[in-house]
Each structure stands twice: as C-alpha cells, then as structure tokens.
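Look for chain A in each of the two complexes below; its partner is chain B in the first and chain C in the second.
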Partner chain A sequence: MFIGTEKLTHTYMSGTPYAKEALRNITFSFEKGDFALIIGPSGSGKSTLIQHLNGLLRPSSGRVFFDHEAIGSDKHKLLQIRRRIGLVFQMPEEQFFSETVFDEIAFAPRNLGLEERLVRNRVNDALHKVDLDAGTFAGRHPFQLSAGQKRLVAIAAVLSLEPEVLILDEPTAGLDSAGRRTLFNLLTNLNRNERLTVIISTHHLDEVAALAGPVLVLKDGRLVMNGLAADIFIRRSELDELGLALPPVTEIMHNLFEAGLPVNMAVYSLTGAKEEIMKLKRRRD
Partner chain B sequence: MSRSITLGQYLPGESLIHRLNPRFKILALLIILVLLFSLQTFGGLAVLLFFALLVFAVAKVPYRFLLQGLRPVFFIALFALVIYFFFTSGGVVLLRIGFVTVESEGVREGIFIVARLVILVMFSLLVTLTTTPLSLTHGMGFFLKPLSYVGMPTEEVAMIMAVALRFIPTLMEESQRLMRAQVARGADFETGSIFKKAKSLVPLIVPLFVSAFRRADELALAMEARGYMIGARRTRLHEDIITARDWIALTFVMVLLVIALTFGI
Partner chain C sequence: MVSTPNAIVEAKAVEFYYTGEETSASPALSGINLAVKQGEYVALIGPNGSGKTTLLKLFNALLTPHTGEVMVEGISTDCEEKISQVRRMCGMIFQNPDNQLVATTVEEDIAFGLENLALPSGIIRQRVDDAARLLDLEGLLRQPPHLLSGGEKQRVAIAGVLAMEPRCILMDEPTSMLDPAGRREVNATVRDLNNSRGLAVIHVTHFPEEAAAADRVVVLSEGRIVGQGPPEEILTDLEMLHKLGLQGPTAVELAAMLREDGYPLAPQLLNSRELVDSICSLERKS
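On to the complex of A and B.
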C-alpha cells in the first residue's frame, strides 16, 4: 500500500450540534506511479479525504497510510510527509501573496531551508515542468497572469517541493476548455515522464473519462465505487444517479448499445466514436 | 485552533427561549442588568442564580457551553477576589500575613461582586446562545432607531453589523483553508520567535485581504443589483412577531425588579 486509508471516518466539529460526518469508513489504496481519480458530486467529501492524505486533517477514527506506514501525529514525520506529498488546493491561485512569480514558487523550497542557489534551480525546474518560460514569467506579478497561467504557477509552487505524489483538488475548476486540456496533458506527462504519482479529485467526468487509472467514487462521505476507470465508467446508470454525467460521446455510444448495436461503449473521444461507427458500417455492408 | 473562538456562538434549538422575540430578549437582559446592580443581599443573588440555571435548563443549552462561556471571566473574577480580599477593610480580621490582612468585609464584598459578574455573564450568554447573530443585530437596530432623529444612519449601521457578522464564519473558514494550504507548502505557523511568527503570517494575511476585498466588491454589486439603496426604507422577509409569550417574559422580569426594589432584597 503506497498511499491509502483504512476505515477512515472524519467528523467535523464533533461534540457540538454542528457535528457533521464528512467521511465514513473509507478504505482504499493507490500504488506508486498511479494516475488516480477521486470523483463524486460536490459535498461528497472529496476535499476532506484529500486533506487526510498528507496529514492536514486527522482522522476521527481509522488510519491513513503513506509508503507502507500509518501517518501518525509526530510533527517531524508529518513535515517529512508533507514534503513528499504535494497538495494543490481548490482555486490555488487564491493563496498567492508574493510580488513575483519567482517568490511565489520559491516559498516552498525556502521553507525547506534550501540555499538560495538551490531555490533558484527548484523554481526554474518547477516552471519548466508546467511549461512556462522562466525568463518570461519569473519576474511578473502573479496577478498579471491569465487564469490558466495562474493555475499553472500555483501547481509549480507545489512542484517546487519536488514531491513524489501530487494531489490536486478540483484542478480544472474555473478554467476554460483550452486551459483544462493544457492542464491534463501536463499532468499526464508528469505522471508518465517524471514517474510522479498523481491523484485528482473532480466532478466533471468528461475531462477524465479517457484516463485509465484507479478510480474512487464518493457519495455523501461514503465510498460507493472503487475500481479501475474502465470498469467504473461503464456503469452509466449508477453514475447517472450520482449526478455524474459521462462525456456526451460516451453517452451516445451507450445509447447505441442499448438500441441493440454491437459497439464498444468505452469511447471517450469523437475520433474513437467515428472509428466504432465506421466499423459498424463496414460490418453492415 | 480557531474553534475556541466562539464568535457568533449561537446554538440552534427550538426551545421557548429560542423563540422569544430578540428585542424582548435584549430588553429583558437590560432589566436583569439593572436588577443585578440593585440587589443587595446574597439571598437575592441566589434566587437570580437559580433563575439563570432554570432558564438554561428550559433553553436546553448543555452546561458544557455555560462553562465554556464563563472561562474568559475566570481570571477577572480571580483578580477581583484578590483585590477585595486584601484591600478592603472592615469587620473581623480573618487572616494576617505580615502586613496584609484579610478582613471579613472584604471577603463578603469580593464574593458578592464575583457572583454578580458571573450571573451577568450567564444571562448574556443565554441571549447570545439562543439568538442568531442576525436577529440579534436586528434587535439592536431597533433600539438604535431613536438615534436616527439626531442624524445617525441607524439602518445602515445595523446593515453593517449584520454583514460583518455574516462574514465572520466565512472568513474564519477561509483563513483555516489558507493556513492548511500554506502548511502544505511547507509553511510553519507555530514555532520560532515572536518576530518570526509575525513574519510567517504574511502568506496568510495577504490572500485573506485580497479575498475580503473581492468579496466586499461582489457583495456591494449583488446588493445594488437587488435594489439596495442607502437611505431607502427596507421591509423584512422575516417579520418580527411579538407574542403573548414575549410580554409574559418581560412582565415577569419587570416584576422581579419591582420586588427587589420595594423590599430592598
């Protein structure tokens, strides 16, 4: 078990009339190098779960594991864990406080106590990883950037910790479709080329349906599905009940299948759909 | 962390006390305040203390919240006790430590003052625990109204208070989220000298200010879009209904005050 939880339950403000159980009895694990998804409608507990994975929130009961070890309350160890597991919050550009992109990204490595020379290397590396040109961007004010660029800088600001795991909470919220595509290409590349374990939470299936890794589906704080993407995205009616819509193309393929046509339903792109339909047509002819 | 700050400490409930009109609650609190300061005997204080506990029971507020609310008063009470014990003279000398003496009059007065303080805080807690901050501000706005004749924009003041109260939980949540976000980036808010700690707050305060200004801007636009105008007369969605219950409660407190005043209890 590289990263995961065992019977994790979390209750906010327990012991008061405001007590709210956000997570109940969650058990799962992801392996090193996975590109994993946590999906569920808003309010299903995704953010709460994610914040447990690097020890920012403590479980009310149950345990959280990282690298085959339970995450305890030892401060020094927690610090180590937070260096190894980078967490990008929802709308991360709202955390910006520096006057330049450079300082913003340098915040994390400076907190590690690195020398300024090493800090500069880390910042340049991080900018390179998110495909932003250090010469152009390092000196800019973070508020001068576009929404998509801000998001990339915010991710670079966590990548500068050089984590082994990168967790992103709703990374595409508020981005346009071009920004979303750039971001996903980038994350897939980081996962493939840098061997970075990536965990993403989202409630938009259309942007992640084509990915192949492990998937958790949450609803009202409970784990309702746990499996590989291919096995989960085939369960259309159940996903539908959770308010999670498959990409329109996939919906069409499901409809065709239900109408009695022998097509593959696990199609997530227009090109794939076209191929399937052409195949069908050839068979007919 | 910030959970110990009980601003807007309202506890939701459906009790008789919860349903009383906020204006009447404020008024009753004022009368009890006057009553507290006109009481002269321990007997009177004991009755009032019993009354306070009774109201707590009726409001179904767990006593844990009472103790929590009284905690900040503890040191003031202790301080007052010490001052009264050692610096008020009169009566029998109970204790002599070198030059200082503890005399019976001082002990009596010290305990009296502290009991008064505790009861006062108990009743104030009752009001804040059983009234939503919003209706509390509306209630206060009502009592501010006469000031509008001398040119004070009371409606606007009440609105400012209501908005401020409304955003306290939002800002608290936001600061917690930001704190966690920066901790995830290796920030350390806990260790180091005071100077270092103050400096470590920059990554927290700057984004908090940015978002507070953004929020204020959005709120102003949203209010204007819905026709809010300074100086215009507003009506309210939730009418402020006064029932027989409210009058009974107020009369009861008034009777207590009259009894205390006439008999010098």
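On to the complex of A and C.
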C-alpha cells in the first residue's frame, strides 16, 4: 500500500456536546502514480480525510499508511511525511503572505535550511512545473496575478518541496473554464511525466472525470463506493441520490441510453460523445 | 444623463481604476452602461480578471466610479450619507459563505444587519422568522453556522441579506464552493425569490449552465461589456465565447461539434434536454 487508511475513524470535538463523527471505518489504498479522486457532497468528510493523509489530523482510531508504513506521532517523521506529501488547501491563494512570487514559493525550501542558490533552483523548477515563466513572474507581487495564475503559484509553492504525492482540495473553485483546463493539463503532465501521485478531492467532476483512475465516494463520513472511475460513474442513480452530478456530457449519454439508443455511457469528453453519436448516424445511413 | 425607466440599479458611462493603476492604459472597467430592471435575472459572465466582481462592488457602493455614475433606485452611490441605504437595497452574496457569516447562531447571523439598523426587537424577530421561513432554515435557527453544510451556509447568507428587504441581490459566484445539490438548492432559491418577490438579481458565474437559466446574459472582457442578450443568443455564440477563453453549455458545445460533422441539428439548442430530444427524434425516424 503506497498511501491509504485502515479502519480510520475521526471524531471532532470528542467529549463535548458538539462531538461529531466526521469519518467512520474508512479503508482504502492508492498506488504510486495513481490519479485518484475523492468525491462526495459537502460535509461528507473529504477534507477531513485528506488532512489525515499527510498527518495534519490524527485518527481517533484506525491507521493511516504511507509508503508501506503506518504514520505515527514521531515529530521528525511527520515532518518528513509532510515534505513527501504536499497538500494544497481550498482557495490556497488566500494564504499568500509574501511580497513577491519568488518569496512565496521560496518559503518552504528556505525553511528546509537550503542555501539560497538551491532555493533559487527549487523556485525555478517549481515555476517551470506549473508552466509559469520565472523571468516574467518571479518578481511580481502575488496580487498582480490573475486568479488562475495565483492558483498555479500556490501549487508551485507546494511543489517546491519536491513531494511524491500532491493532494488538492477542490482545486478549481472560482476558476474560469480556461483556468480549469490549464490546471488539469498541468496535473496530468506531472502525473504522467514525473510520476507524481495526484489525489483530488472535489464535487465538480466536469473536467476531471476523464482523467481519473481510482475513485472514492464519501457520504456522511462513510466510504460508500471504492473502485475505478469507469465502474463508479456508471452508477448514476446512486450518485444522484448522494447529491453528486456526473459531468454534463456523461449525463447526456445516460439520457440517450435510457431513451433506448445504443450508446456507450462511459464517456466523459465532448469528443468521445460526438464519436458515439456519429456512430448512430453512420449506422442509420 | 437620462435614467432607464424601472431600473433598480444602473451604471452609466462608468469608468473605474484601482488605486495605483490610474495611469494604466487599461482601466478595470470602462464604458459600462448597464441597467437592471425590477424582477430581472441577469447573469454576468467573463474570464477571470474581466471586471465582474468590480462591477458588482460598484452596484453595492463598496467602490465608486471615477467617471460616470452608478444609481441604485435613483440614488447615486457617490452620495456618502445614503450609502447604507444603497447597501440595504442591494445585498451582496459572496463566493465563500464563511467570509460572510459572523454570529454564533443562525438566527443571530440573520439578525445582524437588522440590529445595526437599531430596529425594534419585535420587528427584527418578525423579519428573521420571515427570512428563515422563505429559505427553509426554521429548523436550524439555533445552530452555529460553522456546523452547517455549504448550501445551508449560503442560504443563511441569503437570509441575512433578504431580511434587509433589498430590491436587488448581487451574487458573486455563490455556488462555486458548493456541491451539486447545494448548487441546485441555492439556484432554485434565488430564482424563486426573483419570481415571487420581483427581486432583481445579478449573478456572476463561471458555469454556463447557470447563465442559461437567466433572462439576460451580459459578457465582460477586459473591463468592457462585449455582448449581451438572451441566453439562447449569447450562449450559442461559441465563436465569441471561445475567443474569450469561455465555454458554452455542454449541450451547445456538443451540438456544434455534431453539426460540423454533418449531423443535422437545429441551430439554437441550449440545454441537454433539447439536445437529447432532437437526437432521439432523428434516430427514431429511421
């Protein structure tokens, strides 16, 4: 098991009137190089789960694994784990505090105690990975960036630690469609070319469904589905009951199928949908 | 400048620069003329950085224009002593409800704006209860807001705005942090208030499917209005949308690709149901 949990349960404010069981008995694993999704309605426990994966939260019971070892409470080891597993929070640009893009990204490598020459290399590499030109952007104030660029800088700030796993919590909130496409192209490339394990928690499946390998579905803190994208996204009525929506293009294919047309429903892209529908026409001709 | 009849909010020849950018060649907004009437539902779309949020803030008097004028119910937002009146008439809903909820219980949060008006407590109680009933929050009044779901929190934020009895609701991507069920819930709620109470709505969104539900779609790019009209006109103009880096609703995009390959579909399909029906009737005929 590269990264995962075993019978993980987490209760917030345990022992108070507000005690709330956020996760119950979660067991799953992802392999190195996976492009995984964690989906579920608001309040289903997605953010709580991913904060366990890099040791920010500790289980009330059960265990969390990384690289075939249980994550313990040893402070030094936890520090190591947080370097190897990068976590990008929701709306990460709201936490910017530096005067320049360079300093923002350099913050973590400097904390590692690296000498400035190496820090500069880390920053340049990280900017390169998110496809921003260091010459153009390093000296800018973070507020002079577009929303999409800010999000990329926030991701670069995590990539500067050269993690093996990148976890992103609702990474496309507030981005326009061009920004969303840029972000997902970039994550796909990092996943394929650098073998970065990518874990995304989201409830917007539109752009990401086509990229997904393993998928976890959470509801009220329980793991209600665990499988490969193609097997999960076929279960439309169950997802619908959970308040989750398939990508609109997949919805269209399901509706055509239900209307009696022989189309493949496991289609997540416009091109795929077009090809399926053109097949109908060819057969008719 | 002549005002548009029945306009609840109106921007007239507005130009706006952020501080420090007065000398820049590209103002945050320029040449903006836009009037929204009572009961009208307007979707405001455009790429990130095109000025959508800035325009909303001008209607709410959080910002004032450098040239031109913004009027709310005939009052200029430049008029310092009437700013609180303007803000009461034009309530703002932000992207992240966590940034907007301030009190320790839902009912205190809904009452917050009213208490600042120093209204008698009986009236406050009445308005809080009315708003809670309209937004289906009666069962949650004593809950702390931070324990609610995203959709519930956004409904509390809307209730707080609604209790002020506004004429217009300004919404800045109110559903971008919500799950699909929360999105449906908030969109249906606002559309309902728009229909039943004649509230004007300006809704900034990145979801073309949300824009498709509006009466009128206004497109911003680089601080200018570059297009406006009914959704079936604006959201089917893929050439214009793509040039701006925007996308049409999925059904419109797919229909265009099919037509290009010789699949005979009508030109103004806007939503998935229309597309599915058209394909079914074509395929069944044969």
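Some points to look at:
One rule holds in what follows: the second predicted complex is superposed on the first by the 284 of 285 C-alpha atoms of A that agree within 3 Å, B and C clash if a C-alpha of one lies under 4 Å from a C-alpha of the other, contacts with A are read in each partner's own complex, and residues count from 1 in each chain.
Convention: contacts are C-beta pairs under 8 Å (C-beta built on N, C-alpha and C of every residue); 3 or more make two chains touch, one makes a residue touch a chain.
Computed from a predicted model, the values in this text were never measured in an experiment.
Partners chain B and chain C clash in the overlay (superposition on chain A). Look at A:Gly148: by the touch rule set out above, it reaches chain C but stays clear of chain B.
Of the two partner chains placed around the shared chain by superposition, chain C is the only one that A:His203 touches, whereas chain B remains out of contact.
In the overlay built on the shared chain, the residue A:Lys281 is in contact with chain C alone; chain B does not reach it. In the superposition on chain A, contact of A:Ser177 is made with chain C only, not with chain B.
Number of chain A residues touched is higher for C, counting chain B against chain C.
When the two complexes are overlaid on their common chain A, residue A:Leu261 makes contact with chain C while staying clear of chain B. Put simply, of the chain C stretches 7-15, 25-33, 115-123 or 169-177, the part that bumps into chain B is 115-123. Common to the chain B and chain C interfaces on chain A is no residue. Put simply, chain B touches chain A in their complex at residues 3, 11-13, 177-178, 180-188, 202-207, 210-211.
Against chain B, in their complex, chain A makes its touches with residues 13, 17, 51, 54, 56-57, 79, 82-83, 86-87, 89, 92, 94-97, 107-108, 111-112, 157-158, 161. Residues 18, 20, 40-43, 90-91, 146-148, 170, 173-179, 203, 243-245, 247-249, 251-252, 255-256, 259-261, 270-271, 273-274, 277-278, 280-281, 284 of chain A are the ones touching chain C in the complex. Listing the residues of chain C that touch chain A in their complex gives 47-49, 95-96, 144, 147, 149-151, 173, 176-182, 206, 209, 245-247, 249-251, 253-254, 257-258, 261-263, 272-273, 275-276, 279-280, 283, 286.
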